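The same chain A turns up in both complexes below, where it pairs with chain B and then with chain C.
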Partner chain A sequence: MSLRQSMAGLHTWGGLLPSWLLYVIIFAGTLACFDKELERWMRPALHQGVASSMTADQVRDWLEANVSDELHAFWMHGPTSREPFWRLGWEVDKTEEMHNVAFDPASQQPMVETLGGGFFFELHYNLHGGTLGMYIVGLAGMFMLVALVSGVIIHRRIFKDFFTLRPNANGQRAWLDAHNLFGVIGFPFHLVLAYTGVAIFVATYMPAGAQVAYNSNVEQFFSDVMGAYNREGVHKPAAQQASLNELVERSRQHWGGAEPGWISVHHPGDEAGVVDIRRFDSSRIAPPLETLSYDDASGTLLNVQNASAGYRAYTWLAGLHMAQFGGTLVRLMYLLLGFAGCAMLVGGLQVWLAKREARGTAGIGLVRALNGGVFVGLPLASLALLWGNRLIPADLTERATAEGWVFVGSWLLLALWAVLRRNQPRSLLSQQLALGAVLALGLPLVNVLTTSHGGLPSSLLRGDWALAGIDLFLLLCGLLCALCAWRCGQPQQAQEPRARRVLVEEAL
Partner chain B sequence: MLLGFALSYLALLALCLAMARQHKILLQGAPSIGRQRLLRGLALVGLVLGLLLSIEQLGGEIGAVTWLCLLMLAGLLLVAVLAWRARWVLPLAALLPAAGGLTLLV
Partner chain C sequence: MSKNLPLSRWSIASRVLAALFGGYALAYGFTAFFSVYLPLVRADRVVFSSLACFAVWTAAVIYVFAARSATRAWLWLVGLTAALCLAAFLPTELGVRP
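And now, the complex of A and B:
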């Protein structure tokens, strides 16, 4: 067996098995390019763009007034142009549970709960499955790297067919062209994103070195590598507390006027409490590693972060993956190329199917059901989540969880539908597309009806493109779905004459 | 930015025309060896100019990333137009740089 033949088997099966998982990861990651814009869309209190007048001390005051447990840490982030509000999170001591609150800029009280755009971000990197989910995603990423490299090896005409797409050829040929096109032209993007994606959690996938060198004290390892400051709590209440506002102002001066990003406090109220203030700067690929650590009680500067060269290289790779640099332009390009990655997976699966449908290989029903349930089901369930966000009453307790159930429930129903109709893939697809058109076209309408300042007319009038962009994108998707659904009903007749012509030629 | 995209499109179009099959579709007949070399040379010039423009606008670090992204997106556009609306390929090659130049002036 030649190298190319053995790689072909690897590419087919190593690509097929994780492809639905990879689709979930890539699709969620693609949407997460605009997670903060999506979050603003999902929080009607932010639609009008009122500037928040809260300060770091006021956020801490709210926490002290409302949470009485001893905290391991809390962290907060001030308003930015993409996230014009204060967010706060905390972890109660000796629990691993995180709590999060986002403050309404106008009333300075917590906003109505929502999953926000962070839902897709978390789905992207751990499938909402904690550490286990992270391992699964990492494994899928490694499979993607294998599939990319083996794909290059088996592609005989990689340069000759570089610009070739023959949508009118027979099914398998056309899909193979499409799969090759999205894979080859988007290759640098797929390779870099798969590699950096796997690299981000490398310390978790290969923990042995750090475990041995640091006697299983992984936190010590991280603080050494990051050049950060870390000290244990002593459980003695401190007599005083430094003003966070003042520390923020001092940090700003230290950086020559640059803005702070995350502010985190470890062991708050303890004699050994530490305030870390990170710099916010999206003008470079790597996030700045200039965290300043202060004593929580006295406000003395304890440490200026001095990260190792290795860690700087690591954050550069992570930054390249996370696309927080270069503004909307870079995020838009990552979005489009991410969709190209989804298209590559869909194309690959269609090649697999087209090749085997004629032969009637076992497993075709399963693959079709998974295709219908994941490739179409996930985008539709995401639309359903946005419907849930607008329609679930604001005063419901555990509202974010209810949104999550809308997503999961609708996805399960769509998957069940795909399983039941797996033997009529064409009519299933056209009905799914019609449903997608209704869901996507309905959302801007629901947005106008349920919010006072979020609808397309008012956001366009304000020139608020970040908000209007989401509605416009939904309209575009809805129209495309409607067009495809309509076209999907047609070609059945269009294909027949061509089949007959072939027969005539054969007869001659 | 649009100009950078246009340059990437032109460079890829030149590479594409240097191939016999695409040359037959877009222009008449197969390209001569000399024309192939000329087109590939022009493509190289377009690629380098696009890269330099991106770097000039956004700095070496981010500029290189945006250039590569623009190149991939221009490739996808070119192939899509080539597959479904081959007649628009050459007009686009004039339209995109013109629009790009306009945004530079405004």
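And now, the complex of A and C:
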């Protein structure tokens, strides 16, 4: 077997098996480029863009008044242009329980619960499956790296094929062209994103370095690499607490006027409590590593972070993956290239199917059911989630959980539908597209009807493009779905079979 | 098209296992070895070797499927991993130097 043939086998099967999982990861990550805009869309209290007048001390006061457990830590983030509200999170001592609250800028009280855009972000990096999910995503990332490298090896005519698209060729040829086109366009992006994606959790995935060089003392490793400050709690209540507002002000002066980002307090109220204030700067690819650590009781400056160059390189790689730099332009580019990645996966699966449909290989029904259930089911379930966000009553307890069930429940139904109709893929797709058109075109309408300031007319009037962009994107998706559903419904024209060369990719 | 017969089921299963577990083991051995022997300060040794480990794993997977036989792939992976790990874990004082 030649190298190219063995790589073609690796690419076909190593690409096929994780492709549905990779689709979920890439699709969710692509949406997460605009997670903060989506979150604002999902929280009607933020539609008008009222500036929050809360301060760090007021956020802490709310926590002290409403939570009586002893806390391991709490953290908060002030309003930014993309997230115009205070967020607060805390972890109860000796448990893994995390809680999150977002404050309404106008009333300074917690906002109506929602999963928010963070739902897609978490789906992207751990499938909402905790540490196990993180390992599964990491393994999928490795499959993607291998698929990219083996794809290049088998792709002899990479530049020639880039300029080749023959939509009128027979099905398999056209899908292969599409797969190659999207694969080649996105290749550098996908390679960088797959690599930086697995690199973000490198400390979890690959513990060998800390084991041999730090005798498995992970805390010492982190403090050495990150230059971070760490102090154990002593479980003795402190006599006093420093004002967070004052520490924020002192940090601002320390940085010559730069803004703080995350403010976190470890062992709050303890004699050994530590306040960390991180610098915020969205004009850099990596977040500035200039955390200041203060004593929670006296407010004395304990440590100025001095990160190693290696850690700065790591945060730069992670920053490249997270797309929190470069404003809307970069996020739009990541969005388009992310969708190109999804299209590449769909195209690849269609090549696999088109080649085997004629032969009637076993497993075609399974692949078709998975295609319909995941490739179309996931986007439709995401639209259903947004419908749930608008239609679930605001006063429902555990509202975010209810939204999660809308997503999961609708996805299960869509998957079941795809399984039952797996032998009529064309009519299934055209009906799914029609449903997609209804869901996507309906959302801007529901938005107008259920919110007072969030509808497209009022957000356009205010010139609020971040909010209007979501509605416009939904309208565009709805129109595209409608167009494709109509095209799909047309009778299929019989085409002359054309003579063609056998390619290496097809030969297996 | 091909003069050789397609790979047997055993060969494929063996290669898949070698790619997943053997590939990870080699990446592990690589990270441990370079975290000990690179002439850099401790933090940089660890960060550089750890970040490079994914490239090693990818290369190992490509090699496993390109290799002439599954046994050959296993021998190379196990041999290299054993050598790297022995060299990394035997001198306990060398790795923890600052």
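We take it that the second predicted complex is superposed on the first by the 481 of 508 C-alpha atoms of A that agree within 3 Å, B and C clash if a C-alpha of one lies under 4 Å from a C-alpha of the other, contacts with A are read in each partner's own complex, and residues count from 1 in each chain.
The working rule: a contact is a pair of C-beta atoms (placed from the backbone, for glycine too) under 8 Å apart; a residue touches a chain by one contact, two chains touch by 3 or more.
Note that the coordinates shown come from a computational prediction; the quantities given were computed from them, not determined experimentally.
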* Put chain B and chain C onto chain A via the superposition and say whether they clash or fit. => fit
* Of the two partner chains, chain B (first) and chain C (second), which one does A:460 touch, if any: first, second, both, or neither? -> neither
* Once the shared chain is lined up, is A:5 touching chain B (first), chain C (second), both, or neither of them? -> second
* Taking the superposition as given, does A:225 touch the first partner, chain B, the second, chain C, both, or neither? -> second
* Once the shared chain is lined up, is A:198 touching chain B (first), chain C (second), both, or neither of them? -> second
* To do: Report for A:333: first if it touches chain B alone, second if chain C alone, otherwise both or neither.
  => first
* Asked: Can A:206 be said to touch chain B (first), chain C (second), both, or neither?
  -> second
* Which holds for A:364: it touches chain B only (first), chain C only (second), both, or neither? -> neither
* Please tell me which partner, chain B or chain C, touches more residues of chain A. => C
* To do: Could you say whether A:134 touches chain B, chain C, both of them, or neither, answering first, second, both or neither?
  => neither
* May I ask you to decide whether A:152 touches chain B, chain C, both, or neither, giving the answer as first, second, both or neither? => neither
* Minimum Cα separation, chain B versus chain C, post-superposition (Å)? -> 21
* Which chain A residues lie in the overlap of the chain B contact set and the chain C contact set? -> none
* Structure fact -> Touching chain A in the complex, chain C uses residues 1-2, 4, 7, 19, 27-29, 31-32, 35-36, 41-51, 53-54, 57-58, 61-62, 65-66, 88-89, 95-96
* Structure fact -> chain C partner, complex, touching residues on chain A are 1-3, 5-7, 9-10, 14, 142, 145-146, 149-150, 153, 195, 198-199, 202-203, 206, 208-215, 221, 224-225, 308-311, 313-314, 317, 502, 507
* Interface residues, chain B side, partner chain A - complex -> 1, 12, 15-16, 19, 21-22, 58, 61-62, 65-66, 68-70, 72-73, 75-76, 78-80, 82-84
* **chain B-facing residues of chain A, complex** => 160, 162-167, 181-182, 185-186, 188-189, 284-285, 320, 325-326, 329-330, 333-334, 336-337, 340
